[in-house]
Structure formats: structure tokens, C-alpha cells
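These notes concern the structure reproduced below.
Each chain gets a letter, A, B, C, D, E and F, in the order it is written, and its residues are counted from 1.
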Amino acid sequence: MVPYLKEAGKAIFQDRYVTKANELLVPWDGKHASSIGLIGVPLSKSSISHSGAAFAPQAIRQALSFYTTYSIETGIDLADIAITDYGDIVMHPTDIAKSQKRIAETVGQVVALHPESLWITLGGDHSITCPVVSGWQKQKGKIGIIQFDAHHDLRNLEDGGPTNGTPFRRLIETGVIDGSQLVQIGLRDFANSRAYTEYGKQRGVTMYTIEEVYRLGIETIIEESMKTLADVTAVYVSVDMDVLDQAFAPGCPAIGPGGMDSRTLLHAISLLARDDKVQAIDIVEIDPTIDFRQMTSRLAAWVILQFLKEKSGRQPD
Amino acid sequence: MVPYLKEAGKAIFQDRYVTKANELLVPWDGKHASSIGLIGVPLSKSSISHSGAAFAPQAIRQALSFYTTYSIETGIDLADIAITDYGDIVMHPTDIAKSQKRIAETVGQVVALHPESLWITLGGDHSITCPVVSGWQKQKGKIGIIQFDAHHDLRNLEDGGPTNGTPFRRLIETGVIDGSQLVQIGLRDFANSRAYTEYGKQRGVTMYTIEEVYRLGIETIIEESMKTLADVTAVYVSVDMDVLDQAFAPGCPAIGPGGMDSRTLLHAISLLARDDKVQAIDIVEIDPTIDFRQMTSRLAAWVILQFLKEKSGRQPD
Amino acid sequence: MVPYLKEAGKAIFQDRYVTKANELLVPWDGKHASSIGLIGVPLSKSSISHSGAAFAPQAIRQALSFYTTYSIETGIDLADIAITDYGDIVMHPTDIAKSQKRIAETVGQVVALHPESLWITLGGDHSITCPVVSGWQKQKGKIGIIQFDAHHDLRNLEDGGPTNGTPFRRLIETGVIDGSQLVQIGLRDFANSRAYTEYGKQRGVTMYTIEEVYRLGIETIIEESMKTLADVTAVYVSVDMDVLDQAFAPGCPAIGPGGMDSRTLLHAISLLARDDKVQAIDIVEIDPTIDFRQMTSRLAAWVILQFLKEKSGRQPD
Amino acid sequence: MVPYLKEAGKAIFQDRYVTKANELLVPWDGKHASSIGLIGVPLSKSSISHSGAAFAPQAIRQALSFYTTYSIETGIDLADIAITDYGDIVMHPTDIAKSQKRIAETVGQVVALHPESLWITLGGDHSITCPVVSGWQKQKGKIGIIQFDAHHDLRNLEDGGPTNGTPFRRLIETGVIDGSQLVQIGLRDFANSRAYTEYGKQRGVTMYTIEEVYRLGIETIIEESMKTLADVTAVYVSVDMDVLDQAFAPGCPAIGPGGMDSRTLLHAISLLARDDKVQAIDIVEIDPTIDFRQMTSRLAAWVILQFLKEKSGRQPD
Amino acid sequence: MVPYLKEAGKAIFQDRYVTKANELLVPWDGKHASSIGLIGVPLSKSSISHSGAAFAPQAIRQALSFYTTYSIETGIDLADIAITDYGDIVMHPTDIAKSQKRIAETVGQVVALHPESLWITLGGDHSITCPVVSGWQKQKGKIGIIQFDAHHDLRNLEDGGPTNGTPFRRLIETGVIDGSQLVQIGLRDFANSRAYTEYGKQRGVTMYTIEEVYRLGIETIIEESMKTLADVTAVYVSVDMDVLDQAFAPGCPAIGPGGMDSRTLLHAISLLARDDKVQAIDIVEIDPTIDFRQMTSRLAAWVILQFLKEKSGRQPD
Amino acid sequence: MVPYLKEAGKAIFQDRYVTKANELLVPWDGKHASSIGLIGVPLSKSSISHSGAAFAPQAIRQALSFYTTYSIETGIDLADIAITDYGDIVMHPTDIAKSQKRIAETVGQVVALHPESLWITLGGDHSITCPVVSGWQKQKGKIGIIQFDAHHDLRNLEDGGPTNGTPFRRLIETGVIDGSQLVQIGLRDFANSRAYTEYGKQRGVTMYTIEEVYRLGIETIIEESMKTLADVTAVYVSVDMDVLDQAFAPGCPAIGPGGMDSRTLLHAISLLARDDKVQAIDIVEIDPTIDFRQMTSRLAAWVILQFLKEKSGRQPD
């Protein structure tokens, strides 16, 4: 009736032959769900340093709108996939412990509803991985975790509580995983301390430094990592974007030089996604308030698309 | 069922006793409408200089979320008002004339549906005022326009077509209004040219410079302006935010010193809104991509609220 | 021995006839103290919206270095004053309640050591005023508070806990003050809700809106305010910088138009400081990470200097 | 007479042994021309998304001033070359079709005057390549185009008219080239749609994805590309800077990860420039208003210098 | 012949009825000169703190292009005036004393060529006023200086040499003026030191603080100032933009609150320009690299236009 | 006594098992010194173009706080090392030659006190390397210099005096070194002029371009460089950060594409540090005022840590 009116904010150019990646997101109606779920966890008050990572779920969703669903490299078009967008979990303004409890409960609830789904979680800072995995693991049995990170995140909990420096320590110490179920890739000089490296080794954590990534190649490392986790039933991939060099991910709170380049990370995601055991992924530690042109959220959008591209099966062009 | 999940982007703190101004916006369902309509016109390719004013409708809607509905000065709470948000008009990527035609048609269509509504239009650059008024006027008979602006916007159309420097020239030359139906407030030195001042005078346009605003006081000027427009049936207020000093509206493309302060503008809006003849308002020339902390959009949100505060009637506290 | 070496960061130009205001700060040695104490409270995780106000204590101290100790208007030179800088209170990374408890205890401890001192507290967000006043009040008996703010900060505590929207509610409800001991100056439209205005009135809070400030004049309001607090033994001044118009204090999280100008605020501080009952001041809600050229911290430095200028007595030039 | 006065803006340090690259630019006097011509096309209103690429011609010219004329790698000094700077084409403020017609006509006119010149065109968005090539081709017969781009730019023209997504579609459909005369290098995942890839294939366009660039090597691809274009008489190189990874070209509107690095692009330009058939180049899709420190314009300056270095012949040092 | 080509950077929209203020600038040809001269002095290495004021001459010239030549307040159109732009003085990269010597010599030379001209000098930091006045005064006899500034700029020269804190001290101590020939307007608290206030008083400098500006009104102060300088033959006006409040001149190195608003400054310039004795003006201490949207340079453009508006005589509209 | 109070600015989270790299810095007490000395040289007024490199010493010290002392790649923990921080050298505000003289004298004095120390110097622009080396060399005999730089820095001194374009020319011409004692690595196209390349060759300077770095590999080049300097007694490494590609070091004044990546530079530093002859290093040409998120200072911090990691000996993990 009023042909040129569109809902507020939606009056943008539409090319009839192009599907934007954000169009894959379908808000959850409380009942139906596709085989891929996405959930936002806007928590960053738990960070040791000042962080606006709570803004990342929206920034990443928006960054999906900058890209299409079509992979020219493989001929795969994701246009027919639906991602059920479960929305965001409401955080408590002043009680961080309560916020983390809400995360574990909420993830537990939605995963229980659709245990077969693939899960994409958008942080938030890395502290969220502890409650997210705790909630998710309940439906999964023995799980493995592959963590891309410059840092161990195995800090003691006495000094600062459940910060973004502690998620994997808490997962180990609360018994959700054993150290041997954790593989860390991309660890970097001057980003860790000897005490935590030793803690990890004692607990049986598998560690690959960034120099090992360059020396062995990411393909070898992913292959070894999946062998290390041979006896788990499901693998969770946790992507702390600060595993990347600051030139490629300028929007992480803890940026630095000497990190991974983005092609290597994207290739690693691709390799992991090909394995059916890999059933969940999170992307954390992007602070859109300090990023440049949302570059780091754009890369996060690619991580999601790369993950889905492999999951959707390879069809010849 | 999943208590802490909210729709994507909506998981923000809610105080049960506070209504945010953006909560007044109700997307139009194509059928029902309240007595206040809002429409976004994201056009700025028509600007003489580079402008991102097309982003302003969304920026202003978002700025409403920074404020509440309650006026402590008057005791009025707008919480029970609904603003029907008709959304945005879709622009053509490469045909500006077609975009302007769409604006006139679309505004004409929605105003025809609800001719008694108050209309709030969010530009876009000032070029939109010509088609918006053209569409709106069709339901109104003889109208008056009160324009807050540092500039006449009476440029010739031969040199550059229907730019943001021409809307009032076009309204006069297409016969939508006669020059005597136009009042310009806040005109500034070094922002105009003699030829256009003379054109306006020849056409009977009423003009108040910024020095006159300070010398006579805004109350006198508003009173005189409404007297000048005594014989019209409806008044349209067009607020080019560059009428303000650059210290108060840093996000307009054509900023400069020596302009109005924001209290004066807000007071003027308040005075105008008290008059039942004043039935439409637009806010134009905000470029959110160059603003500082969306200050200028925040002020636009206040212009809307100030307008509605008076329209909603004054109740004792 | 090595004449041109200075301690790291201190090798800056020194004019022998100029004292910079930051030179007044003398780190506390745990024993001796001057009659003026300054303490930093770097807490902003308690804010409802994202805030870096935790960086303000350092930003304000640094801003002092941009100014000298000499008031040409009065002839007063603060060069001989010493401000004992007690340093900053250590916050807990993930336990906001614990941080607030530390604030109350620490302020209680230092004020107990030097109860006769004037106290300058640098926030942090406004949530800190509750524990700071609680600690300070213990040595003072019946106190009054004069709050410069666009907002009441009288929100309920159920919805979000002790946020920056609640400090005065908590002070009232924990019995530190009665509502009649609180004066709020600069309250603004669209920044509050009717429920909290009514709550304040019921509790006997004295309120001045910004329109009243302009209508009555700041001198009258300060005079009336001190009369309202005639029966208290000590007055605490709490300066939420968002009482100012966004043009003058662009670095507050909750900026908006229609606020106070900086001369009016500085004059108010001056008037208050002349009264011996006024014995403490805080400055809150400056987020240096979003400010422009630390303008808002510069203004905070002036608030401090204006306060001290009057306290140090007026000597003829 | 007044020895230390220089023309406004020119009073900068001059080292007698250094020639800056911008000194090669000689404004066209309407008569004489060197064998290298440069022309600016400040059009970006034709872009699908908001773009300030119209500012790029000046930004790139200025970026030349950051570099010298001497190549230490080859011993070549461009100091004796003159580039005739034909200036910029005047765009129409509100009629994009007219602007594009002016481009085709103006390029046609200057190329007709000096058909043997090498032509360097500075966009502007990619829409300009259609009229620029149309004008240039008139003097050239059967031409080939090598396009560096993440995108096909083969969109349909019905949905949005001649945007920056359509230049090569229009060149094909207006018969200026056949699809087989077009080679696209650097195409990327999530930047295109299947429909346009298929359209290109049907039309015989040669396509190299970024993975192919890394797998085959840029030398192989350039060699193959020139073989593909073996039967054309002249080759036009079109460089959309978004072929680069966002880390290397942060100032393009459509940035993303997974792109080419700048050394590879510069090497490709060098290889192409060695071939006498390559007689024209354009650089498009740089928006200086969103770039970081004009990095992308700096890289554009290097593209020009790299092109000229090879064209000027290699002399031993 | 090629109708739509314009010189590089000049292809901008032209309205046949509008003259932009920058069009008044006519580069000096070494022979002819109008009655108004403009000269740029890009020196800021002499600043005590880091300053990019050397970029201001170009920024201010460019800011003139944002404004027209027509004053709607007075009916005066400057379109027929020519400003001879003498260009900029070349600074020495590492010898600041030599740069200052060049300034004095160069200004002396051009003023000697056209001693009757009005002179507009664009700094640079305030250190330039000493050599500029020294050069200019040679043709003038006994001069007066009216300085708008938050600061005295009467620092001792031993501690740091001829910095931007010393120009008026040097003018006094080198005998170019006596202290009684200097009037300072807008001096501010916490921006000076007692020693220099006393020095100024001993030397007979006339001083007006910002509070006096507000208390007495700028008209009274200008009138008194010109009376103070009754026996000089020519008056030089030196405008340090930091006399303004930081809200109005955010681009000065030494910003602060409590300063003049821009309307007051512009009015003062207007009042001064009406006096034939006022024959030269400089504008200093704008650092375009830290300004917001060149606001401070825009204001500088207005200072120039306001000055010329009065000098050009008032014609009825 | 007051447990949660910390010195101003020091109230930050402390993990008991983590040592931050900035904790290694121990301010010099004028008597005792460790075997590693660090000194800041905040001079950048000597730069040809506008530079804030004077802020780099503090920015780099602060960047150390972003990193820990532990190298997970080697198992080395620097936690037991002390770096004696000699502070910064006081520059003269207006006499650059005097500043450079102070640098030579001061470095000479401290090196004479502790001639066996390793020296880390933080510029400042590259002009400082001349006086720093001059001072340091006095205790060393025949020295070698390995310079990482896109530029020769062999400009003539007549045109601009001792700028950042001249340090190595001055070292050669004042006889501190012979050209054969200088190795330049990373020289780049369009960053130099033929005259200075020829000057360097005539003087026997060893030169490696960036293409040679990529062709030969950094290991070969470092090996060859140390052989070239076989007969010196001590080697000074000068790191101009603009040797890096602009994507990796965005904060240098003279950024450009086609440069070294940061891993290569860090590897080179590592290789050099293993040689006992390498006894001093400087890091220059970082302007923190134009950097993005202090990326370039972060990289400088890594250069220091990489240098110390090797110097501290390799212990098995």
C-alpha cells in the first residue's frame, strides 16, 4: 500500500540476487529451532582490564551484514541455512557471579531443548567460556576443548575471582573437564607466567605456542589436537581473538605483536569444522568500542561463516 | 521458560519504574496509528558537500533511548503516548530525483491515511523538506513554514539541481507555498549570499538573523512569526540543526561559530508546540558519522521530546 | 652529578616562577597529613551503562598539571598548600559489593585518622558516593549533602543492586542521612522518572531543576540550600559532572543538552567553599576514555582548585 | 626579494638532493602533455553504501608527497619523468547519470588528444571504471581488462542503476568488452553471490580467487592472465583496493579479512607494467574519510610509483 | 575544449551567485598588492608543550572556504575585496632562533613594501608575535598591542628561551614596546603565576581578567583599552584563541574551562576593527591536529571576516 | 594499616604469580646500577616533519606493563632481572642543538659510570642516535652499528641541520664511525634518494634493501652483517620502527607499505642479542600521538623483551 516504506533501519538497498549473511539469523520463537543455534553473552565486567566486550554480540551480528552467504572458493552457498538466534542473556548490573550463573543456567536450558544443535556463542570476555561450557557439557558427556589464545587463562581464582583470566582453570577445578581434555593453540611470549604454564602441564593440558604453529603448520597442529582428543564425544572450540597479531585483530583488549595471521586462524576453523565431533564454538575478547572500523568483528563474522561453510557440506560448484 | 534470554540486542538493564523515550515508538502495522507519526528519510546524496545525514534517522531513534519520558520541569510524563513509527523511505542508490519523488509520494500517502496526525520527520539532508512538505501540504490547504537555519536554502536550481541548498526555493517555485508563508530564524553571517537574501525579500520571506534572535529574544520572534503566519491553516517547523553554534551541534556538515545555543532552540520548539496550528516538524542536517558522541542526535531527541511535551498538554505534577 | 637526567616522565620544562597545580599533591607517607586530603576511587563496573570512570582519578590528577596554583581573579596563590594524596583504593575485579565495602572501610579509616581534614574524592561512578559518605559520616554526626546532578540517583535497589543510579537512595535507606538532609541541584527533563521524583519528595529531598537554576540564579539556590541544611554539622558536596550541558562536559557517560554551563558550576563551588560547614567534595561520572581532549577532567581540576581557592582564604593581591 | 616567503602551503623543508614524487605532477596547460597522464574522478555518490571515495584523488596526490622518486631496489630514479596532471572531472551534485556521462566524454576527449599516453585514473568508487574504460577504449580497439577486486562487480542494473557494483556488467552489456576480455583476480568468499559468479562464467570472464592467488602464486596468475588477453591490443588494469586484506588497506568501504597482502599486489603491478600492452590503470574504492593515517592512499601512491618504475625502463644503478 | 576538467582539487560545486571567502585570497605576484595582506607563519617548535600550530595557516585558509563573503547582519558583501596572500615564511627545521629571525626580517620586508596595508598574520604559536610585531613596528612608530589571551605570556627568557610563553616579555625587554602599550584581555585563573602578573603590573601592562570581561562587558573594556592606547599611532591585535572556553575553541593546546565565549570575542574584534588605528591582527595557538572538525580554525576564519567586514565600511543593505 | 590503599595510579589488579615487564624497571638512585640500563630521550623537535616522538619513552615504558616477563617459547623468565631506569634527559624548549649536546654529554656520563652495562635507549626521533652513539662510543673503541630503517638517514646537514634525516651522516662526518662500520637493513623504494645511496656506497656503508631481506632471509643478513663488523669491539643496534610495514607499525611518522613484518624484526633482534658484541640498542621514530592503540609502542616493548630474553641466557624449561 505504501510501497517505499520499510521498517525503521531496514530501508537499505536490496539486490535480488544477493543474500547477506545476517539474513540467516532467525530470532527464536521459543518453539522451533534449526540445527544451528547462536546466543549472545554480553558480559565483560568480569575482565581484569577495562573491556567493552559486552558490545560484541551486536557488533558481530551487524558485521554479518557486511558479507554474503556465498563461498566462491568452494561453491557453497549458505543461503538456505537458518541460524536460530536465541538472543542475548541478560546480565546483572552489579553482581558478576550472578551473571555467570545465569549464563550457565541459560545455556544449559537451551542446549537441553536442542541438544543436537551446533552452538555458536558470542562473548563477552573469556570468563563466559566457563559457564557456557558448563551448561553445554551437561548434554554431551566427555568433551574436549580447543582454545585459540595467546594466554593460558589458567590463573588462580583467589586473587580476583572468576575473571577472563580463569575460565579454563575453573573448568578443570570444577571437574567439567580434566586438563588432558584441553588443547591450547597460539600461546605467546610475554603473555603468560611460568606458574600457569607449569600448572597447565601438571594438569595435562596440551599446549602449542605460536612459534610451533609457524614451525609445524596449522594443519599438523589441528590434526594432532583432534588425535589428542580422540576419546571425547564432542569438541568445543573457543576462539579468543587475541590469538591473532594486533595488525589483524586490533579490537581485542590484550593486543600485541607476534601473533597469528587471520588466514591461519580461518584455515584452522575450517579444518576443525570438518570434524563432526566439533559441535560448538565461541568467539570472545572483542571490544567494539576500541576496534578500528569493526575489523575484529568482521573477522569474527568470517569465523562463523567459515565454520558454517564446512558444516553445511561441500557441494561442487 | 528461559527466563534470562532476551531478543538480540535487547538484553539491557530494565528499571521497572523508568520508561525510556524510545519505548514510545511503535512500528506501524499498516493499519492502526496513534495521533503522532514519525518517519525517517535517509537521503543525503543530494547534499552539496559530503554528508552522512542518511544515518540520522537511526541515530536519533537510538538517542531517544538515552532519555526518559518524564519532564521534571513540568510534571508531564509522556509514558502513555504512542508514536507510530512508519519506518524509513527506501532511497534509490543512483537516482536522486527518483528518491525525492518517492519521498513526496510516500509522505503524501501516509499523511492521507492519517491527516489529523502530528508528523515528525527525521532527515536526511535539508533537500528532503521540499518533497516532505509537498506531500504533507496536500492534506492541509494553506500552510506556513518556520525554518530554523543558518542558511536561506533559496539557491537557484540550475547550477546543481535539487540539493540541500534549494528546498525552500523549490517549494516557492513549484507553488506549494508563497514566500510570505515562510519564516526563517537564525540566519547567519558568512553563510549566505546577497543574491539569495534579495531573492527571499522579493518573494516576501520573513527573515530573522541570529543577532535579531539575541536582540529581540526568541519569545518575541516566535510570537511575531506566528502572527506573520496568522492566515495559514497549518504550520510546519523545519529544524536545520546548523542553526546552532558548532559548540552545541558539532555533527552538522556546515558547522560554524556564532550560532544559537541549544536552550534557545529548545525553548523556541516549546513555544511553537503550544500552538495547535503547528502540526509537523522535521529535523535535518545531522551527520552521525562526524558527530561527537552523537551529541547532535541527542539534541534532536530532545527537540522531539520538547515538542511532544507541549503537545501532550500540561498536567500539574 | 648527571645534571640533565630526571626521573622517568619528569623531564619536562620547568619555569622557576611557576607552580603547577599537580605539584600540590604529596603522596601520603602513612603518618603525616596536611589539612586537605585527596583519595581516588577507581570504580565504574557498578555503572548501569558501560563506563570507564575508573580511569578518572588519574586523569584528573594529570589535568591538574595543565594548570597553575595562582588565581589572578583573587590574588590567591595555592602554591603553599599541600594536598595529601592518599592514593587510590584497590577494587576487586569481579566482586562489586566487596569493592564498595572496601571503599566505605577505607574512607572510614583515613577520615578517622584525620577527621579535621577537608576531603576531596575522585570517582569513579556515582555509586561510590554511598560508601564514601558512609565512611566519612562516621566522624561527622548529622551531615548534609548537596548534589549537583541531572539525575536523582534514587533508583530502587532490587532491579540492579547498588549501581550509579542508587547512591542517595541507599544513603537514605541505610539511615546515613534522612531525605531532608539532601539537596539536589540541576535536575533535568528526560533524565529521571516520575516514580523517583515522587520518592524523593516523600522523603523530603530538596530539589532544584536546571530551569530553576536559570530562573532563580545559582547564588540564591546555594543560599537557600545552605539554609535548608542549617542544622547539620558538616556538608558534603557531590558533583556529578553530567549536571553540565554536553557542550561543557563531553566526557560523562550520560551526556545531554540543556544542562548547566561550567561558569555556573564553578561559581556554585566557590560559594559553597566559603562556608566552613562544607568539608568534603567528590567529583564523579567522568569517563576519560570517551572524553574529548580530557576536557571534563580539566574542568574537574578547576572544580578542585576553585574549592581550594576559597578554602585557603582570600588575601588581597 | 623576500627570500623566505613561499606560496601558501609550500613553505616546507626542501632537501636539495631529494625529489618528492608529487613533484612529478605537472598541471596540464591545455596544450602540452607528457607520455603519462593522470586524471581524478571524484565520484562516490554512486556507491551502494556511504562512501567518501570522491576525496581520494586529492588524498592520493598528497600521499605522493610522502615518497621520493628513487627506487633503491632497481636503481631507477623517476625524477626526470613528468606526469601530466589533467586535474579532476567536475561532478554534478544531484545527477549521477550525468556525472557518469561527463566522465566518459571527458576521458574520451583527453585520450583522443594524446592517444599514446599511459593513463592513470584516480577514483572515486568503482562505478567510474565503466565510463573511464568506455572513453579510453575508443582510441584502442579490442582491449583487455585485468581487475583486482574481492568482488565481481557484475550486479544487475535494474535494482540500483549504475552503482559501484556494476561497472564490468555494464562494460559487457554495452559491448565495450566481451566477457572473455575480462580477468578478475583476488575474488573472495562471502563477498559475492552465486548468481553473479555464474553470470561471469557464462560470459567467459576469467576468475582467480584469493586462494588461487596463494596456491598458484601471483607470477603464474599474471602470466596466465596476459596469455588470456593475448589477442587484445591494449590492457587496462583496474585496482579496487578492497582486493587487499583489511590489515593492509583499512580505508576501503568494503573491508574484510582473508585478502591479498600489499607486497603481492605491488608485485603484480610491477609484472603487469613490464608489458607494453598495459597502457592504463585506475585505483578505486579508497575512502580517505575513514582510513587510518591515509594508509590506503599511501599504498595507492606506491601502486602508481611501482607502475611508473617499470614503465620508465630499468637502468643499472 | 575539455569542459568538465578543472585543476586538481578544484572540481567542486560552484553556485554562480555565491562567493566563498577563500576566493578573496590572491597569491602575491611579488609586485602588486591590495590594501589587505595576509601572511602565514608556520612555527610551533617554539611551544613549551607539543604543538602542531604550524599547520594552522593552511587550516585557516581552508576554513575560509566553508564560508561566504556576505554578511546578512550588515548587508556588507566582501566579494569585491582582495586579500593579498603573501604565502608562508619558510621555517628552519632545527634552528628555532633562526626561524624567528626570518619571521622578523620577512615581515619587516613585506610591510616596508606596503606600509599602508592592513596585516593579517596566521600563526603558528604565540612566540611568533614577538618577531612579527618587531618587523611590523618598524614602519609604525609608537604602537599599542591588544592581546586576547588566558595567559600573560610574560615568562622569563632564561629558563626556556623564546617560547610561546614569552612574546610580550621580549617585546618589552627589547624595547619594541613599553609595558604601558600593552593591554591584555581575558586573563584566567590557574593559567598564570603571581610572579608574571607582578612583572606585568610593574611594567605598566593593562590587564583585564575574564571575570572583568563578564562584569564590565566587552564593549566597555574595548573602549577603555583604546583609551589606554590613545597616544599610539597604530594598534596591533593579537588573538590567542585559548582566550576562549574549551567548549568554543577545542583545538588550542592550552584549553580550559571558564573562558570567553565566541560571540564575545567576535564582537570585540568587530569593535576594534572600527577604529582606524587598528591596523594589524594575528591569530595564534590553533593546533589543527588536535582540533575537532577544525572548529577552532573555522572560528579563526570568522575572526578574519569579522575584522574585514568592519574595515570594508558599512553599506546599507 | 589501611589495607586497600595504594599509591596514586597503582591500585590495579595484582596476580601473585605474574610479574609484569614494567616491574623490571628500577629507578636509578644515583649510585647502584644493574647490568642493564635504560634511558629516555624525549626529543622530536629535530624531526623534518611534525613528530610527537618525544612522548615515546613514556609510552614504551607503559607498554611494558601490558606484558609479562615470561617467555613460553624458551622457558626463560626475566622476573629476576633488574633494568636500571636512568630516567629521561631534559630537553631545551627552543634550542635543539643544546638538547642534542645534552644527550651526548648525559649518555657519556652514565655510560662512563657503568661502561659494562647493556644500554637501551628510547627515542625520540632518529636524530638522537647521533649524540647517543657519540656518548656511548667514548667507552667502547671501534664500534659497529646495525640500523633497521626504511631510510638511509645520510642527508646533508647544510639544508636543515641535525634532523632525524642525518644521524648516520653526522656520525661518519664527525669521525665517530667510518662508513664501513655501518650496516643498514630494510631500505625501501621511494624512501630515499640516489644521492644518499651513492654517498653511503662511497663511504663503504653496507646496505640491505627490504627485497634482499625477503630474498636472502633475515638469518643470512644478520650473519653477514656481524661478519661485516667482525673487527669492531661493540655493536650498537638502532631500530627505526618505520623499517616495518605500516600495517605492523602504524605509529611512525613516515609510514608506508612494503616494509618488514614484525616477526622478522623480532627474530632479527633475537639473533643479534645472542652475540656478546651487541651491547646497546635504541628504538626511535614512534609517535604515540598518532599511533593506534599504542600498537607501535607495544611492539617496542617486545623488542626490548626479545633483546633481554636472549641476553639473560637460555635456560631449559
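Just so it is clear, a contact is a pair of C-beta atoms (placed from the backbone, for glycine too) under 8 Å apart; a residue touches a chain by one contact, two chains touch by 3 or more.
Labels paired with UniProt names: A, B, C, D, E, F = Formimidoylglutamase.
Only a predicted model underlies this, so the values are computations on that prediction, with no experimental measurement involved.
The chains in contact with subunit A (Formimidoylglutamase) as well as with subunit E (Formimidoylglutamase) are B, C, D, F. When chain centres are defined as mean Cα coordinates, D lies farthest from subunit C (Formimidoylglutamase).
Each chain gets one centre point, the mean of its Cα atoms, and the points for subunit C (Formimidoylglutamase) and subunit E (Formimidoylglutamase) are 38 Å apart. Centroids of subunit D (Formimidoylglutamase) and subunit E (Formimidoylglutamase) (each the mean of its C-alpha atoms) stand 43 Å apart.
Counting partner chains per residue, subunit C (Formimidoylglutamase) shows two or more touched chains at residues 13, 48, 93, 160, 247, 292.
The set of touching chain pairs reads A-B, A-C, A-D, A-F, B-C, B-D, B-E, C-E, C-F, D-E, D-F, E-F, using the touch definition from the header.
Looking at the complex, you find that subunit B (Formimidoylglutamase) touches subunit C (Formimidoylglutamase) at residues 13-19, 21, 66-75, 77, 247-248, 262-263, 266, 292-293, 295, 298-299, 301-302, 305-306, 309, 317. By the touch criterion given at the top, residues 48, 155-156, 159-160, 165, 187-197, 207, 209-211, 214, 245-247, 250, 254-258, 290, 292 of subunit A (Formimidoylglutamase) touch subunit F (Formimidoylglutamase) in their complex. Listing the residues of subunit F (Formimidoylglutamase) that touch subunit E (Formimidoylglutamase) in their complex gives 45-48, 50, 52, 54-55, 92-97, 160-163, 289. Interface residues of subunit A (Formimidoylglutamase), counted against subunit B (Formimidoylglutamase) in their complex, comprise 1-13, 25, 27-28, 30, 39-40, 42, 57-58, 61, 85-91, 93, 102, 105-106, 109-110.
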